[in-house]
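In what comes next, chain A is part of two complexes: it sits with chain B in the first one and with chain C in the second one.
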Partner chain A sequence: MISLTSPVETWAHRLPAGIKLAALSGLTVTLFLTDRPGALGAALLAVFGLYLSGGPVFLRQGLRHLRMLWPFLLLIALWHGATGQWQAGLVIALRLLTALALANVVTMTSRLTDMIAVLTCLLAPLRGMGLQTRAVELAIAMVLRFTPMLTENGRRLAMSWRARSPRRPSWRIVMPMVALALDDADHVAEALRARGGILNDRDAGKD
Partner chain B sequence: MEHNMTRIALFAALIAALGLIPSLTLAFGVPITAQSMGVMLAGAVLGAKRGALAVLLFMALVALGLPLLAGGRGGLGAFVAPTSGFFLGWPVAAFVTGLIVERWRKGPLALTVAMASIIGGIVVMYGFGIVGMSIALDKTLAECALLVTAFIPGDLIKAVLTGLIVQALARSRPAALLSRG
Partner chain C sequence: MSVDLRDVGVSLDGQRVLHAISASLTEPRIGIVGRNGSGKSTLARVIAGLIEPDQGQARIGGQDMARDRRAALAAVGIIFQNPDHQIIFPTVIEEIAFGLTQQGLGRDEAQNAARAILARFGKAHWEAAATYALSQGQKQLLCLMTVLAMRPRTIVMDEPFSGLDIPTRMQIARHLSCIDAQLVLITHDPEQVRGFDRILWLDGGRLVADGPPDAVLPAFRQRMEDWGNGDDLAHLAG
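After this line comes the complex of A and B, so read on.
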């Protein structure tokens, strides 16, 4: 499965993912605490600079991810144009753009393996509360492995629907998709158990 | 242990797959994305706790940078967009849906699941969504509620369909319905 990490290698790819995530959290909170258009405009320019430093291809990829905001920006323009509160509208629009662009830049410059490592780190303290971090890691790997398979199931069901009906596939293919997924889950569970289970310590075999 | 874990993982993958298949049509030819139905289904089929865990697992994969949301979106941006409140409400929506299906055992299953999906997948999820939107767009809750009402009829239909799907599932795989197990 293809992750959203940009194939264009930038300097930010080499920063540790944990530091990028910590910075992102801090900066996003700050963005929502500020109401000054000047500060928000400067922040947006700085984030734009980050994208620019990755080169034209990286910049274009980044801009494409921001397209989902246009209905909201249009709404804000109409609303604040009608009420005449231009400054408030500008603040909201700048904040939306900067927050989303900043979050995307972290996703685009962090590899999946690095992000999984950070998640494992974050989950480690929960081990004391009885969370099996090994099970979480295995579950992540399973979702990565099975999503394309279940999607293929859906495509095949849609295709067989088309073979029998002139109309487009309806919601009726969802039930067999769920049933097939649950069957797969049982098969995988049996296979895991046959290989000694997901826990290799004293908890093994407990249900 | 293995069975619970694989069901949670496979349901997370199913929510992803429902977002990736081409949109389905209703009886009158209206296209729908099935992904939000996946959240209702997770709660209704797996029960409150496992359903919420399946949704949390799915959200973790989105946060890690996988484009699993309908339309190929994903990454950390999914948590700071104006619509992120809805997304953040998903695990609670699945939990509430599952809890109601677990507790309310009278009457036909399809009706119970549809009602549970309306309460969990619409009332709870829109609650989160409206609060998130009001923070992101700096508008009052009432104004944001007005903005999203257009999407409620579609979700009502999805809740009814979830009821029908779970009823059909209960017939073909009686043991699979962990919420009633």
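After this line comes the complex of A and C, so read on.
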């Protein structure tokens, strides 16, 4: 499953997504106002406190999401170690970790629908200019819906390959995967059309 | 409410798929039977307004479903054979609410109506579930709830039971039996439409029989068994 929203209900789940996103932007900018490792370390501790307030399961899940950051942190450490700028490296690493940990809290505590609602709000000026924004919202939802399905298509093709070949699946399953994806796209287009397609203008005011 | 087909003809990729189909469907339960490739699915899409016939007319309640998509949203819903081809959204509630916002409901109204239909089916706890993680039968039920939430007067179902096990099929069929809307069910299996009001039999894109199940289904079954004993898989189309 691709959803990153935590099933553990925390107090932060009940805050409106718009406020969380605004706070995230504000706090991230604030992180760039200081170069003191002490201040940034304190900020990181505060964010860690946010995770703690969500309980142990929430904390563990959050740390798992952040684990993918370690190659970047390692690269920063190596680079700044090599050039002898320890303090600068520490500042960058702390800032990166704090900002992403904070963003991750917002992701984990906001439902996709609410995020899309915020986006719809922000795109309102474009709608005022007569541009269609419904497609953007739809596109985000559809990426989330179909990414697992595309992965599954690939797995199925690989399995079908292995059933008839002693060797590992090669680049030759790429074309059939593309063909399947195009075929799926046709079906989804039909499903969208069955439910009215992208009907924008008349309903835009109600969103 | 009636589905009116007048001399409907459709060509896809240069192949004639439907020939001069005419019928006025007013009965609450209509079955369309035929073999694979007989044009059933194409006819289902014509009725739902997803394919515009290149000859003749297809209308529901006097309106052209292919031209007037807004009218079509209120008049007709379609359920495809493969629910994976139908589900557009990552969560159950979004999937159901989408059609309702398309019909002009506000975001909150749509969410409430979606919750109401989930509750009606005793599936309130599905709300936040990932559509991808549902079983095949659950996906098919979700498609049904999605379409029912939009309250169409006619629901077209294209082989809704294929690939479902017997208990799942029975449960879905039970849900179908309590639907108020007119039901047009496409199938190759005469058993599934035995209790219906009227059966259309399509073969090679033509309407070969049209009448009550007692008059049409025995002949259909006999013909299928006769063909089953032969070897017409040998013929290539085109």
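The criterion applied here is as follows: the second predicted complex is superposed on the first by the 152 of 207 C-alpha atoms of A that agree within 3 Å, B and C clash if a C-alpha of one lies under 4 Å from a C-alpha of the other, contacts with A are read in each partner's own complex, and residues count from 1 in each chain.
In this section, a contact is a pair of C-beta atoms (placed from the backbone, for glycine too) under 8 Å apart; a residue touches a chain by one contact, two chains touch by 3 or more.
Note that the structure is predicted; figures quoted are calculated from it, not measured.
When the shared chain is aligned, chain B comes close enough to touch A:R167, but chain C does not. In the superposed pair of complexes, A:L33 makes contact with neither chain B nor chain C. Set side by side, chain B and chain C differ in how many residues of chain A they touch, and the one touching more is B. Of the two partner chains, chain B is the only one touched by A:L24; chain C is not. When the two complexes are overlaid on their common chain A, residue A:G196 makes contact with chain C while staying clear of chain B.
Of the two partner chains placed around the shared chain by superposition, chain B is the only one that A:M177 touches, whereas chain C remains out of contact.
Using the contact criterion defined above for the overlaid structures, shared-chain residue A:A99 touches chain B, although it does not reach chain C. By the document's definition of touching, of the two partners only chain B reaches A:L119; chain C does not.
In the superposition on chain A, contact of A:A185 is made with chain B only, not with chain C. Shared contact residues of chain A, touching chain B in one structure and chain C in the other: 1-3, 112, 138, 142, 144, 149, 184, 188, 190, 192-193, 197, 199, 203, 206-207. Residues 1-3, 5-14, 16-18, 20-22, 24-27, 29, 32, 34, 37, 41, 45, 57-58, 60-61, 63-68, 73-77, 79-82, 135-139, 147, 161, 165, 168-169, 172-173, 176 of chain B touch chain A in their complex.
Those residues of chain A that touch chain B in the complex are listed here as 1-5, 21, 24, 28, 32, 65, 68-69, 72, 75-76, 79, 88, 91-92, 96, 99-100, 102-104, 106-108, 110, 112, 115-116, 119, 135-136, 138-140, 142-144, 146-147, 149-151, 153-155, 158, 167-171, 173-175, 177-179, 181-186, 188-190, 192-193, 197-199, 203, 205-207.
Of all residues in chain C, only 45, 48, 50, 69-70, 72-73, 77-78, 80, 82, 84-91, 93-94, 98-99, 101-107, 128, 130-133, 150 touch chain A in the complex they form. For chain A in complex with chain C, the residues that touch the partner chain are 1-3, 111-113, 117, 138, 141-142, 144-145, 148-149, 184, 187-188, 190-197, 199, 202-203, 206-207.
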